[in-house]
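In the two complexes below, subunit A is the common chain; its partner is subunit B in one and subunit C in the other.
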Partner chain A sequence: MSLRQDTRTGSVRRRTGGQLPLVLLLPALVGLAFLLVPLIGLLIKAPWSTLPSRLFSADIWQALRLSLLCATLATTVCLLLGIPLAWLLARASLPGRGLIRALVTVPLVLPPVVGGVALLLVLGRRGLIGERLDLWFGFSLPFTTAGVVVAEAFVAMPFLVISVEGALRAADPRYEEAAATLGAGRWLTFRRVTLPSIAPGVVAGAVLCWARALGEFGATITFAGNLPGRTTTMPLAVYLALETDPDVAVVLSLVLLLVSVVVLASLRERWISGLR
Partner chain B sequence: MTLYADVRVSRGAFDLSLDLTVEPGEVVALLGPNGAGKTTALRAIAGLLPVGAGRVALDDEVWDEPPRVFRTPDRRPIGVVFQDYLLFDHLSALENVAFGLRARGVEKHAARAEALRWLGAVGLASYARSRPRALSGGQAQRVALVRALATSPSVLLLDEPLAALDASTTLHVRAELGQHLNRYEGRTLLVTHDPLDAMVLADRLVIVENGRIVQQGRPTDIARRPRTDYVAQLVGLNLYRGTATNTTVALTDGGTITLAEPASGPVHVAFPPTAVSLYPEPPTGSPRNTWPAVVTGIEQHAHTVRVRLDATPTGPTTLLADITPAAVADLHLTPGQHLHATLKATEIHTYPS
Partner chain C sequence: MFRRTALAALAAAAALTLAGCGNDSPAASSSGSSTTALSGTVNVFAAASLTGSFTQLGKDFEKAHPGVKVNFNFAGSSALAQQINQGAPADVFASAAPKNMDQVADKNTPTTFVKNTLEIAVPTGNPGKITGLKDFADKNKKIALCAVQVPCGAAADKVFKAVGITPQPDSLEQDVKAALTKVSLGEVDAALVYKTDVLSAKGKVEGIEFPEASTAVNEYPIATLTKAPNADGAKAFVDYVLSDQGKAVLTASGFDSP
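So, the complex of A and B:
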């Protein structure tokens, strides 16, 4: 009797190792479906018969090229400004750091359209800074490709800052001390010791940042408008096409989806998983 | 040029106040329990922590003297070996060693050639391309040592350099470290909680307890005349030099000791005072390490009595034995008394010197 019980508990224990509790499994599957079904819908409703001819329309490639260019430039801007900002938040002893950190993350929760309006108020032709730029340099950001980059960087930067700051906090500052005892100044230490040690965090942040910039719509259309070839990125083109020719909107969405999945999947495997 | 360090640091209830000097070519060990303030003192000398008061200087070159002078670590001619080495994981062993040279403005190829020479000096030339992760504990320790030495620092600071190693490699690495420290002409400050490391590696011990120096001097002097119970416990170690032939060690100061394991060449022999037993008559069965001895001193410690003996001519000149107060009463111990001391061969540690 006791022997049977023992064997039974033994086999139960063996099975529980690979079994997920139903309470978790069900919502997990629903969540997965929730994320995937719209994408599958996109595939089903795609105008497959006319797809090849539509794909080779110049408008799509123009918008795609502009999207990739702007997202990449915006990511570069975010890297150049965001890494030092993250360093400041993680390492410097500055007063009101909590408040600054909260402010940095505001663009995350702000509706992008509001961000666009704010950018217009500051950098627009009549804006606080924009007016000076126009007056002194004859240079105006709104409704230009540079404006798209600014709008995308504004919205995407928090992703980079949060990711890099987290990596900096997790990095062991004693390595920086070791570098200092070897005669390295703070800039050399940052370049040769700190930055390489947080590289996975920087890459993960840059990927998130790039993805956010690529899909940016609200701030872009508000601040940079919708000028084909100059400010019409893929999301804008999709929105525009939806009103005139929904089939084109589907094709544009598929292209954007494909590019995003390929880029994110290849980077995710190599870098984001390496973060852990 | 002498390193002068009058380090005073206060942190909450903890208060550190040490006054140290290290002469060129000298190895000074800062020995004490965890939390005594040893590492804090080392960090202050390195410039990783400003002193609250006092002065750190290399002769008349002041490194830290509040409130006016503070040199950051990168502007001090120091080399530091950290407890867990802190080798840069994204750089090869060679690049780690070349890092300090590059930071101090040496041209890339020259720095790499010099780094390779240093790696060769510790027998790691073939590991130049290895990442620190791929190195064993002993190898990583040697890379950390030459990384610190490569810039030819005036002051070498070692923070528990052997603590991260497993017991089997410690013996070998300790002997090697001793050789490198002997060759180094600068000033060495070694922080350790291990009395054996301190006694083997250092020319002078500085014993720290609760942020204060409780005793300093040559290792043998401290072992023979510990000033406090704490020091007696800490350095209560019989340590001799000698030359081993098979299982017999001829001690430099006369007498012989028989080992359990064969050894050869110049060696250190160490055993704790608890490994020594005292008998009024020659013990039966005659263990190999039995010497007639004369009691030269008796000290009462917390739970034991430490007896100092002279076991010449057959045994060590000075021998420490820890026995229980009950045994003292049984033996009617008095200075000048003749006894027989035996040593358990299995409790002897031998390592090359």
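So, the complex of A and C:
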């Protein structure tokens, strides 16, 4: 009896489907509930009757537009810098690679507010590099939209690097070697062979990166401050609304949630179908 | 065989943990009865701007009443009010604004215990050459204010309205300490903060007083809570804050007497 026969009759599939081990299923359902219950709470507590008027009374759209713009720009920055960094970590023979990899994940561990202070100390008006920028070009990052992008990219980049590095390690290096033996240079090989083969990893990393940037609060408010239209992203608006009117904060959170779910779900569909 | 023992061990551990959790709460709430000698812990929810002075007051209070422990929860007044309304086990609430005290339903009559006045904070050496409130309307100066949603921002707004100046801020910070940090790091030329904040950042920040500050003096109310797990401890702590020793500590931090 061959395996193929089994699959054809469908008995293999049915057996795995019918006997989902309870040891896995139970914690999986608890995990799902744990993630969804706060969300449901938000939906239940939302001031549905006054929702339409609140949607237009606050500066929601301005904050939302800024959030989407900054998260997308931050993701672009992360892609441009993060993919080469991931390649370096996965392919190049570096001394102390383990240490560098650990350092790359530092923004994940660092409380975002501390990350924001660190950015100020380096890129602020009196910062190590920022002072030169201010002196030579009369340009300073804090309190600007560019500052928001920098703060978000700082916090979100590790998600992309880790994901792309994992994809690079899982990719078969023999294709790159084959391309090299056929005379392709390293850049051409990277562009035409490596990058397409790790595309799913890059997409997954970019999605994580974008989502993290969209929800970024601590580093943004510390480094870029909070000024409506310039640096007030949705999470900042939510936080300040919570100070006076929790209902508005709930509405803002719902809008942010809805937009991010729609964007992520639709993009994911498109990417996955494009990859097939 | 091995798997079964492991599972049994896990179950035993879980049972122990649960039992541990269950034991905690009755012990904590039993101290609320009306005994004359103070005992247990007093949970004080206090505005972030009280961090320095109340930590000192708590130590003094513990010394005066051996056997009593004071726990502090310092945060923004509105966040604290929400925590109390959601059932956080608070005995005392000290707010940076009457508005946030009003948000709390289950409280005894509040008393104003200190007042705080606004002051202009500039980095040491005053690199932005700030002289007064009018500089806050200068677009070329970097200015941080508190957001109007938080008490220091509301007070600043009142001052600017009173003097007829439209400020040009570069950032509206989420609390007064965030505004102060921007000054002490030199990121802004000036911010409007409380006198107590300027004192707390001595060496990094200089204060400039302005006469219009009297138009927006912030009153701090304190109250015991009706659902306090330790009602006697709560009352004793509030009495201590209102006593002469308490007042001395608060004035040393830059607060004014009411």
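In the analysis below, the second predicted complex is superposed on the first by the 237 of 276 C-alpha atoms of A that agree within 3 Å, B and C clash if a C-alpha of one lies under 4 Å from a C-alpha of the other, contacts with A are read in each partner's own complex, and residues count from 1 in each chain.
Heads up, the rule we're going with is that a residue touches a chain if its C-beta (ideal position, glycine included) is under 8 Å from a C-beta of that chain, and two chains touch if they have at least 3 such contacts.
Owing to the predicted nature of the structure, the values given are computational and were not obtained by experimental measurement.
Contacts of A:Ser197 after superposition on the shared chain: subunit B is touched, whereas subunit C is not. Contacts of A:Leu120 after superposition: subunit C is touched, whereas subunit B is not reached. Judged by the touch definition given at the top, the superposed model places A:Pro142 against subunit C, while subunit B stays out of reach.
Contacts of A:Glu177 after superposition on the shared chain: subunit B is touched, whereas subunit C is not.
In the superposition on chain A, A:Leu252 makes contact with neither subunit B nor subunit C. In the superposition on chain A, A:Leu85 makes contact with neither subunit B nor subunit C. In the superposed three-chain model, the partner touching more residues of subunit A is C, compared with the other of subunit B and subunit C. In the superposition on chain A, A:Gly185 makes contact with subunit B only, while subunit C stays out of contact range. Within the superposed three-chain model, A:Leu227 lies in touch with subunit C and out of touch with subunit B [touch as defined at top].
No residue of subunit A lies at the contact with subunit B in one complex and also at the contact with subunit C in the other. Of all the residues in subunit A, the ones that touch subunit B in their complex are 172, 174-175, 177-185, 188, 192-193, 196-197, 199. Those residues of subunit A that touch subunit C in the shared complex are 117, 120-121, 124-126, 142-143, 221-222, 224-228, 231, 236, 239-244, 246.
Listing the residues of subunit B that touch subunit A in their complex gives 46-48, 72-74, 76, 78-80, 82, 86, 88-90, 99-100, 103-104, 147-148, 151, 157. Contact residues of subunit C toward subunit A in the complex are 76, 78-79, 82, 142, 144, 147, 149-150, 169-174, 178, 181-182, 185-187.
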